[in-house]
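Each of the next two complexes has chain A plus one more chain, namely chain B in the first and chain C in the second.
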Partner chain A sequence: MIKACIRVLSLLFAVSVISFLLVSASPIDPVQQYINGLGTAVSPQQRAEIEDYWGVNEPPIQRYFSWLGELLHGNLGESAIYRRPVGEIIGERFVNSLALMFCAWVLAGVIGFSLGCVMGMFQDKWADRILKKICYILSSVPTFWLGLMFLLVFSVWLKWFPIGFSSPIGVLDEDVTFGQKLYHLILPAFTLSLMSFANIALHTRQKLVDVLHSEYVLFARARGEGRRTILLRHGLRNILFPALTLQFASFAELFGGSVMAENVFSYPGLGSAVAAAGLNSDVPLLLGVTLFSALFVCVGNMIANLLYGVVDPQVREVVE
Partner chain B sequence: MKKINHRTRIVILTVMMTVLLVAVYALGAMIPDRAVAGSFLNASKPPSWEHPFGTDALGRDLLMRTLKGLAVSMTIGLCASLISAGIAVLVGIGAAIGSSHVDGVINWLIDLVMGVPHTVLVILISFAMGRGLKGLLIGIAATHWCSLARLIRGEVLQLRSQQYVAISRKLGKSGGWILVHHLLPHLIPQFFVGLILMFPHAILHEASVSFLGFGLSPEEPAIGIILSESMRYLSTGMWWSAVLPGLTLVLLVLLMDQIGEYLRKILDPYTAQE
Partner chain C sequence: MKQKEETLLEIHDLSVSFRMYGQGLEQEELRVISDLHLTVHPGEIVAIAGSSGSGKSLLASAILGILPDNATVRGHLHYKGEELTAERQRQLRGKEIALVPQSVAFLDPLMKVGKQADGHVKPRPVEKRKSLFRRLELPEKTEQFYPFQLSGGMARRVLVSTALLVDAQLVIADEPTPGMSLNQALEALKLFREMADEGRAVILITHDIDLAFAFADRIAVFYAGTTVETAPASDFQKGPDALRHPYSKALWSALPQNGFTPIDGFQPYAGNLPEGCLFAPRCPYKKPECERAVPPVREVRGGEVRCYCSV
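Moving on, here comes the complex of A and B:
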């Protein structure tokens, strides 16, 4: 347990060092970008003051430690494009992203698991073959293109869903109802879940096929149990938790997918924030979101590891 | 007619698909810049015989742009996956035959790269390199080696416990000799299959990151840029500029995936005789 914690902390520390190094190595001058963002002319003297205030001319190591010190106090700096504390922006956007990712995650899990069960039960029949083809094709489709196609079909042609944003245009933030938010969430969440269910479905299928070929299932069949009872008694018990573990371990792909989906649907979450930060050279925001995404993935992996121990007695004994 | 067995059929199919792939690449690479020059006279035209994919808002032929973009994407994808597969082999062998400390460090490194979502990492690296082709290439190369490295590490660990390796060692052969004569020949199929299956992923990532606006400059005919432009005209009813280039990309990726699968079947001794 302690070892796992040390590992996570060391990984997060390394992520902070590497992302800081990468950002400092960038030839794009953040000060110039900041000044461009101000929209007013800046005299050389003022520019020097800004540089001084930001500490641009200090050595990178010193800058890193002052950044890390502030980070440990909970201060992530101020975003250059939004002119607000990065922590605040991440908190606000993470709620949006979390809603999106959670919906997609649950949807992908449920669809993937049930399709996986269907494929496993009807191994090598037409249903299995068609679904397997669909899964393989979907894993070759880029998320953003699928999002574009959904936008085209459902928003532009059928006009069922809005083109983007998490709330209607021209309505104040406070006036947005829960229903409206949900309505704007459906399309991106659906896109994201379609991108990630293939993996879980194929995994579940394989597991179920293995279980159905085992000797205890042969024995159960000899006792006269029907297909349904076999699935409920022997199948689900063996495949549910591995599938759940896999779902938790897929947080990295989920986050990566949400970056794409949010940008296509102009959904104001972390994903669109990181793209905007990268394009507009908003260094504090870029660093903040990177660290946060690493933390997010770490949490997922940790849950997956813990679940693994709970489910698999062999792993549990090794740990103990 | 002479009966063709399964293996020969797969070999023929693989060769045909590879020829198709190379043809698409060559076609895209040979298209002169003149062909993608725009003229405002035929801007935003839907697909016709003259322009099978239609034209974009600047009057550029979309089929030509798509093919040219695919060639650019394939070049980047190929370079990035070659670098990535090279890293994977080095790291995988290093982890498997080095001391336990080396193994620990490499596993930690893999966890580190897998711990940050790839899209975010590529954005970060692209930012560090000042955007453009180089950043894209390095970003994609730096993020795709992990799973292949794990695979190769497992493979080498398994090979090392084989009896013939133990005998070889007892006969006084050096570690380097065993590596070259016993381990590497086994890894060659793994390497090629891994490389080819990595290739479509690299292209998809390239397209995604270009779509976000990192990577290639807007004048280049990259597939991600065509699609990100098409998004702006989506609500005006220019469906063809989003559907057709994307569909071509998906078909190309499926083609490459299939070649990889077939190659695996041919090279893998367990399925080679089916």
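Moving on, here comes the complex of A and C:
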């Protein structure tokens, strides 16, 4: 446990160093961005004062450590485009994103796992062949394109779902009902889940195929167990753990996919914030989101590791 | 017909081949069992002895009907005088015909041993299994173990217990003894002996020939996927003159206590079998007809043999 925490911290440290270096090396001028955001003219003298105040002309290592110091005090800086503390923006956006990612994550897991089981049980039969092709197509299609197609078909043509945003237009925030939020969530969540469920389905299929070809399933058959019994007694037991690990390790893809999906559906989550920050050279927000997403993905992987130790008797016994 | 009623299992000219893709898209037929002949009577232990890679384990799968999809089976299997169809195999396996597999790999790695030994039948035969475990010297706590926590010998005893649990009429034991101490192996074989004495039949697939000699009634010598000779176990104790097939004689002479003398050559590869007798390429008594056609099964001095030369 302590080891895992140290690993997370050292990873975050590395991410902070690298992202800081990348930003320093990029042609983005944070002072200019800040001035642009002010909306008033600034004289060269005032500009120099800002630069002095921010420490732009200090050596990079010193700048890095003063940034890190603020970071450790919980100060992520102020966003240049939103004019609000970065921590606050991340917190607020993350709640939206979390709802979206969680729905997509559960959907992808459930659909992917069940489809994988069907494909594995009917290996090389027509059901498997068709589903496998669908999975290959889905995993090669980019999310944003799929999102656009869904918008076109379900929102524009069929008018089943709203075009975008997380709540209806023209309604005050406090008046938005849970149902309305959910309604706005369905299409983006489904799009996002399509990205990873094909992957999960194909992995589950392969794992089940391996299990069904194992010697212990051969013995189960020799003892008179039927296909159904074998799936329930041995199949699920042996494919569930790898599937769970995969599920938690998919946080990275999920986060990456949410950037696309949120932009296509104009969904106000962390993903669209990072895109906005990138496009508008909002350095503090960009760095903040980078660190946060690293933490998010890392926690996912850590859960996957810990979970394996909890549920798999072979790993559990070794640890004990 | 009379004989069929007395036998429990009768195998005639059984061949098993696999379709494999060779180079390119060419399909290759791998014949792993060829023209196999075997009869098993109630109350006896028939040992199937042969070197590894001779198709012994696949014979077990063929009898149980659990060969992979790409396998083709030809020939006749009769169980209790009736044709053993796929449907009948499905009904009988795990109930009347039981398998004792080779190793711990045949146990589900994520299921506790007790639950696994009980099998999928409901209600779980917990009491019976516990008493079997005691009899096989498996400690009480074994049932709480996962397969990876078992020693090789313990795993085999658990596997043996599964066959005893269902009161099978025919038990096919695939290498049941390696990894056990001599005492444990003797105990396991004693159990098989008891089963046979109660009127069941046991097919003991093994390469531990000494143990086979001691416990089996008859020994079928397996070579390149066929039984070249089936003889009473006592013939193997008498020596090569009592045996019928040149391979059986060579096998006898190759045993450590009989001089350790090997013969030249290798067992032929399943994809490249000779036309006639499978042993012909290595046989010192080879005659021209041996290379033309597979010799028929003949009764010679109370044993069955596939050879033109034996008298």
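Convention: the second predicted complex is superposed on the first by the 306 of 320 C-alpha atoms of A that agree within 3 Å, B and C clash if a C-alpha of one lies under 4 Å from a C-alpha of the other, contacts with A are read in each partner's own complex, and residues count from 1 in each chain.
Methods note: a contact is a pair of C-beta atoms (placed from the backbone, for glycine too) under 8 Å apart; a residue touches a chain by one contact, two chains touch by 3 or more.
What you see is a predicted model; the values in this text were computed from it and never measured.
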{"item": "Chain B versus chain C as contact partner of A:A252, first or second or both or neither", "value": "first"}
{"item": "Most chain A residues touched (candidates chain B, chain C)", "value": "B"}
{"item": "Partner chain in contact with A:K159 - chain B first, chain C second, else both or neither", "value": "neither"}
{"item": "Partner chain in contact with A:H73 - chain B first, chain C second, else both or neither", "value": "neither"}
{"item": "Chain B versus chain C as contact partner of A:V23, first or second or both or neither", "value": "first"}
{"item": "Touched partner set for A:R233, first chain B, second chain C, both or neither", "value": "second"}
{"item": "Chain B versus chain C as contact partner of A:R221, first or second or both or neither", "value": "second"}
{"item": "Of chain C, residues touching chain A in the complex", "value": "60-61, 64, 66, 90, 93-95, 98-99, 101, 103, 105-111, 119-120, 146, 148-149, 162, 166"}
{"item": "Touching residues on chain B, where the partner in the complex is chain A", "value": "108, 111-112, 114-121, 123-131, 200, 204, 207-208, 211-214, 227, 230-231, 234-235, 237, 239, 242-243, 246, 249-250, 253-254, 257"}
{"item": "Complex contact set, residues of chain A against chain C", "value": "214-216, 218-225, 229, 233-234, 237-238, 241, 312-314, 317"}
{"item": "Complex contact set, residues of chain A against chain B", "value": "7, 10-11, 14-15, 18-19, 22-23, 25-28, 136-137, 140-145, 148-149, 151-152, 155-156, 163, 252-253, 255-256, 259-260, 263-264, 271, 274-275, 278-279, 281, 286, 289-290, 293-294, 297-298, 301"}
